[in-house]
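A short worksheet on the structure shown next.
Order as written gives the chain letters A, B, C and D; numbering starts at 1 within each chain.
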Amino acid sequence: MDFLTLIQVLDSTVRLSTPLLLACLAGLFSERAGIFDIGLEGKMLAAAFFSAAIAAVTGNVWLGLLAGVTASLVLSALHGLASITFRGNQLISGLAVTMLAQGFTVLVAQSWFKQGGRTPSLLAEGRFGPITFPFADSVAGVPFIGPIYSELLSGHSILVYVAFAAVPATWWILFRTRFGLRLRAVGENPAAVDTAGVSVVGLRFAAVMICGLLCGLAGAYLATSLQAGFVKDMTAGRGYIALAALIFAKWRPWHAMGACLLFGLLQAVALRFQNIELGGLTIPVQAMDALPYILTVVILAGFVGKAIPPKAGGEPYVKER
Amino acid sequence: MTKPAAIELKGISKAFGPVQANKDISISVAPGTIHGIIGENGAGKSTLMSILYGFYKADKGEIWINGKNTVIPDSQAAISAGIGMVFQHFKLVENFTVLENIILGAEDGKLLKPSLSKARRILKELAAEYELNVDPDARIDEIGVGKQQRVEILKALYRQADILILDEPTGVLTPAEADQLFRILHRLREEGKTIILITHKLREIMDTTDTVSVMRRGQMTATVKTAETSPAHLAELMVGRKVLLQVDKVPAKPGAPVLEIENLSVRDEDGVERVKGINLEVRAGEILGIAGVAGNGQSELLEVLGGMRSGTGSIRMQGAELPLHGPGSHGQARRRAHIAHVPEDRQSEGLIMDFHAWENVAFGYHRDPAYQRGMLMDNAALQADTEAKMAKFDVRPPDPWLAAKNFSGGNQQKIVVAREIERNPELLLIGQPTRGVDIGAIEFIHKQIVELRDQGKAILLVSVELEEILSLSDRVAVMFDGHIMGERLPNETDEKELGLLMAGVAGEAT
Amino acid sequence: MDKMPKWADVVLIPLISLILAAAISALVILAIGEDPIAAVKLMVDGALGSTYGWGYTLYYATNFLFTGLAVSVAFHARMFNIGGEGQAMLGGLGAALVCLYIPWPHWSIALIAAAAGAAIFGAAWAAIPAYLQAKRGSHIVITTIMFNFIAAAVLNYVLVNLLRPAGSMDPATARFPEATHLPSLHDILAPLGIAFNKAGPANVSFLVAIAACFAVWLLIWHTKLGFEIRAFGKSEQGALYAGISPVKITMIAMLISGGLAGMMATNNVMGEAERLVLNSTEGAGFIGIAVALMGRSHPFGVFLAAILFGFLYQGGAELALWTKIPREMIVVIQALVILFTGALDNMVRMPLEKIFVTLRKGKA
Amino acid sequence: EPALIFDLGGKFDKSFNEAAFNGAQRWAEETGETFREIELQSEAQREQALRRFAEVGANPIVMAGFAFADALGQVAADYPDTKFVIIDMVVDAPNVRSVVFNEHEGSYLVGMMAAQASKSGTVGFIGGMDIPLIRKFACGYAQGVMAANPDAKVIANMTGTTPAAWNDPVKGSELTKAQISQGADVVYAAAGGTGVGVLQTAADENILSIGVDSNQNHLHPGKVLTSMMKRVDNAVFAAFTDGVDMETGFNVMGLANGGVGYAMDDNNASLVNADMQSAVDAASAKIASGELAVHDYMSDDSCPALNF
């Protein structure tokens, strides 16, 4: 593989990692606070639709983003209502949220745009354009550094930079602030937080809403940045891959970035090198397609060992039986 | 004018669904005193205190603190009112450091750093003042339960509590640690703080408290001055009948060795050696007590004998070698070798809390042919069997269809003991038989153990209660750091000598 | 003592939850400008109003029975098997191989063999996540999700590259031989003098599914193995104490679960399509989760819930057939049913419990 | 009243199903009559939908998609008085008209145009789900490319192996980017909804794309070189017009009878020069007359011009 191809693959990795990373950090906030969320997929989908729909109608991508995030927040609130207020099963709630989004987005899209459950294609103002770094063009020719700067680092949409900036921000919030301390505590032992005089419900809702915000960004990125509009089921399992990345990262922000980059790389490679020939043997395209999933399993089985989730994760906080 | 009561509860009632945990309870505690609360399991002691601490909300009633009617909707309000509580089950975040646990909820600002450094300073002062030494940077899951309790007390002191509630604080402590705790409590009282102490141990009540209240079935039945009462009287108030506080037994007539342990070593999940090549022998018709501070390998010893872990070395049961790892070393095989096992933790091991009583009576013996009919289990036979056992062991309520979690701690323990003893095993392994069990049930369980011994069965008893070890055992072995520090006869030793052995001092190692 | 009588827990709560889900669905239908009452009438008529409708309702219900039971068995061992979809896909492959490559004299023998083949393939697909869970602690929720994706790729490869008859461009196997065709409910009921529409795909597998319900009930509550599965599911530490091997129970429970999911193939592959097509499972593996939850993991509850979802599927199909309501409406309804019965049931239970406790106090 | 059944991709997929819908719509507008329609929800519904429509007396019943073949095979005999039309597949029954398209021929033409428009000599193909039908597109395309420029390179990718591959524009977009970085400057998308992402990215990255099934030139004016037209709309229109008395049997829609072709309109006029058009038209005529045979991948599951 030559250097330029490598840059291209890495460039594609960055693009494909971004929604995973946003969703993964979203899951991180939620799960660190003890609320499991397999509904990342659904929230992303809802955000993707509403951001595209509103951007298409208003021609303003920022309004689109706002609508997408709002939609995701609404679903988050629903998940919170079910799993925090009413102490329901978090996995079921997540599943229901995802199905709801899968059906509802198409239903509304059909009812609004009558285009078979998709939004009209977005024009330039309806999308997040690339941000070109200063001197990107002038240094492009410089060997080695040039392509890295101008191709790999420069020229992504603002949400990509937001996603990667969210990593240190998440780390800082979790490990350097009072809110982070309480949030981690409530995922480990909510009774400890409760008896320390802090509201478990409040903290968990805050975490779930942050999760909604980040999922909203992820969905908006898919529909208004990576793509130019919404189509049915456009998240294509990314929410689940983000969950796998979260477990792989053992619920830690920097590791989450590593995991998402790895999965992004796997996807990029699978896209780029289909039908790989290995010594006369052709690896079928199906194998390449399944590769990210197979590797996820292999990684979970072989390299991560036992990933221990936040102790109180998945269990509603019940004081009185 | 006398000072107003530090705490006054008026007409507190609380129901959990159909369970009336507290019924119209009123008490008053004078400032600067230690007030004891005793009562059977499930009497409602913890519930009452949790209401005072704002953990539960009372259905009815008023709380007056220092003469002021105070509404306590949550723990934050309780903390502001100067109340601190050390729960029966600690409320600590296990993978946090001591320092982080202490500041949690009591941080000084949005950022952690200043809070942490301030807490470190204050912690040092508190530690010096009250001999409450803990490493502020140690993680909770790396320190022992004794230390964890210190953290809980420090948490309360850090929040400048004037009223300190302790719910069964000594259940998990060694005698030395308990002594130290009571020294601290006395110090705090001298400083004018008010302390409420819940315990099942009458001796602690007699030694420590100024006044004592007795609870029974959700009601407060009596409040007396400690100086004016006696353990026997308190026991009677608690249970509603006279209780024998001494174990009544004849000298043992030990027979042939039933269990022979040679050079047994056990490692835990992390590969740390917890039992280090010990040799022991338990004979028919005797009770061998294993004394020791919690965490010195007794638990692992019981578990390897009961087939819950693997080990190396050799164990012989009635002369036959038992495998220590691999196939045939599991609990089923041990049961088939006539070893019964009452585990240390009844709630997470001995019982399935969501199972009905009758399923729990089969638990572990569910493969017994007597419980099968063809390929299926004979549930009817099991239920009949359970009814018989419940009657014999006076399990209340005697309802085979009640889920284990709905029995009180003492009755849960009776179900486990009934299941194991009624198997008529040759060897009974029994760990912490009376932990957190009220005195009525203690009396009953002790009697059952002695009866089994008198039938010529071998019993290996592990307990952190020295009193229990001394009163039940025919022979006492002391474990420290995975070694047997020595064996003593209970009538030739005393708590002091055993205490030294438990601390790893002197004695000839075997 | 429980807070509520049992009937309230198993009947009243799901019923109220369902009504809530239906009410919100009606609002959604209203919002997209259609008539909810007509929609309900259409659904009931189309799914339950004729033996034709029942033929489809029961066909879908059969699928959900198998996957619902599969999820239930794993639930009892406290494992969340999200892989029913993939296991059912592989089960289809097993059934197809049995039907295609072995000449069978009669459908009944073929059914037994195909059920076994399907179960083995489904179980094998569940075995890897189970093993990884038991031995390596890899979270089974994630691994089974991954295995759904992998199963789709495997099936695709097999259908496109191996099993597709020459010249056919449908990624599907050849039609199974005549002898393996299962009798439909029409064929079964006709001798009994009951007229059942010929068109509906419900077939003898429905009876197999009912038998599976009974077998699971016996297994879970009346055998040593079931006892151990439940004990392990409630407390892993307790299981260890009782000498129940966590590895063994994890494996066995997941093998049974995967096997049941695989056996769905007797219905959709062998009974209906009579050949293996891509995506023949149509999400039944996921619906099985909802069915198991609604049915409280009890075979009888699973039966009722499967019929309910069968009704929703068939009713939804009729809706899409005769109105302008898009087919995604049914996904929304399903999501709402899962949400209200599975995740929000405390919303109904909490006030209801209060009422019952007060009632009882009033009596006492 | 005639009826139309769409395949799982949905009525508004901007390509195949939408073309069918347009044909029906055109018929409805011209005649002022109405038709029944349904979008399928699941595989099991195929037979169900067929029977349901047949039972309420819809006639003729048109189904868009090869996947109906099996179900139709079961159903056709039960309703001898109903006429059925299946598109993209052959079902042998007296009351069935089977319409198949020579997609390889149309693809051959757009392949030629791609090769001529390409400056780099590398062109791309992005398929939807990897099934023989899509390989047929790819193979015809590659042959056309080679015919116009024997040194040209064709990069062919499939989006996936599950039906989701018809609806993954993100992946379509990434595949396009990958092909661009490998030098492709014209990409042909035969991928249903995924193609929307392909065309979008091609427009964003300033290369040319080729649409499929419907005329997709208008999606990005000046950026879509042409579209391979598969006149499903004509087939549906014809079926509806012929009505109950239609002739049944085998019906091949190729270049010869206008069943396939390439799209020219204002949107792409500036992209196609006269040389290109004349070369393509010449080839088209030869194919129509049988002088030039384009290899059909599905005839022997192999392709002389492309390795999969």
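The definition used in the following text is that a contact is a pair of C-beta atoms (placed from the backbone, for glycine too) under 8 Å apart; a residue touches a chain by one contact, two chains touch by 3 or more.
Bear in mind the structure is a predicted one, so any value in this text is a computation, not a measurement.
K.L.:
Going by C-alpha centroids, which chain is farthest from subunit B? Tell me that one.
P.N.:
Result for max centroid distance from subunit B is chain D.
K.L.:
Go ahead and note the Å separation of the Cα centroids belonging to subunit B and subunit C.
P.N.:
So the centroids are 46 Å from each other.
K.L.:
At what distance in angstrom does the C-alpha mean of subunit D lie from that of subunit B?
P.N.:
Roughly 75 Å, centre to centre.
K.L.:
Provide the C-alpha centroid distance between subunit A and subunit D, rounded to the nearest whole angstrom.
P.N.:
Whole-Å distance between the two chain centres: 35.
K.L.:
Send over the residues of subunit B in touch with two or more other chains.
P.N.:
Those would be 17.
K.L.:
On subunit D, where are the residues touching two or more other chains?
P.N.:
130, 161
K.L.:
Can you pull out the residues of subunit C that are in contact with at least two other chains?
P.N.:
Correct list: 153, 156-157, 160, 326, 330.
K.L.:
Using the touch rule from the top of the page, what pairs of chains touch, sorted by label?
P.N.:
Pairs flagged as touching, ordered by label: A-B, A-C, A-D, B-C, C-D.
K.L.:
How about subunit C: which of its residues touch subunit B in the complex?
P.N.:
1-3, 218, 221-224, 227-228, 230-231, 234-235, 237-238, 240-245, 353, 357, 360
K.L.:
Which residues of subunit D touch subunit C in their complex?
P.N.:
The touching residues are 38-45, 47-49, 51-52, 55, 66-67, 69-70, 89, 130-133, 136, 161-163, 298, 301.
K.L.:
Report the residues of subunit B in contact with subunit A in the complex, numbered from low to high.
P.N.:
Listed in rising order, the residues of subunit B that touch subunit A are 16-17, 53-56, 74-79, 85, 87, 91-96, 100-101, 103-107, 109-113, 115, 155.
K.L.:
Touching residues of subunit A toward subunit D in the complex: what are they?
P.N.:
4-5, 8, 12, 15-16, 114-118, 121, 222, 226-229, 231-234, 236, 267-268, 271-272, 274-275, 285-286, 289
K.L.:
Under the stated contact criterion, what part of subunit C meets subunit D in this complex?
P.N.:
Answer in residue numbers: 56, 59-60, 152-153, 156-157, 160, 164, 166-172, 175, 199, 201, 268, 272-273, 275, 277-280, 282, 313, 316-317, 320-321, 326-327, 330.
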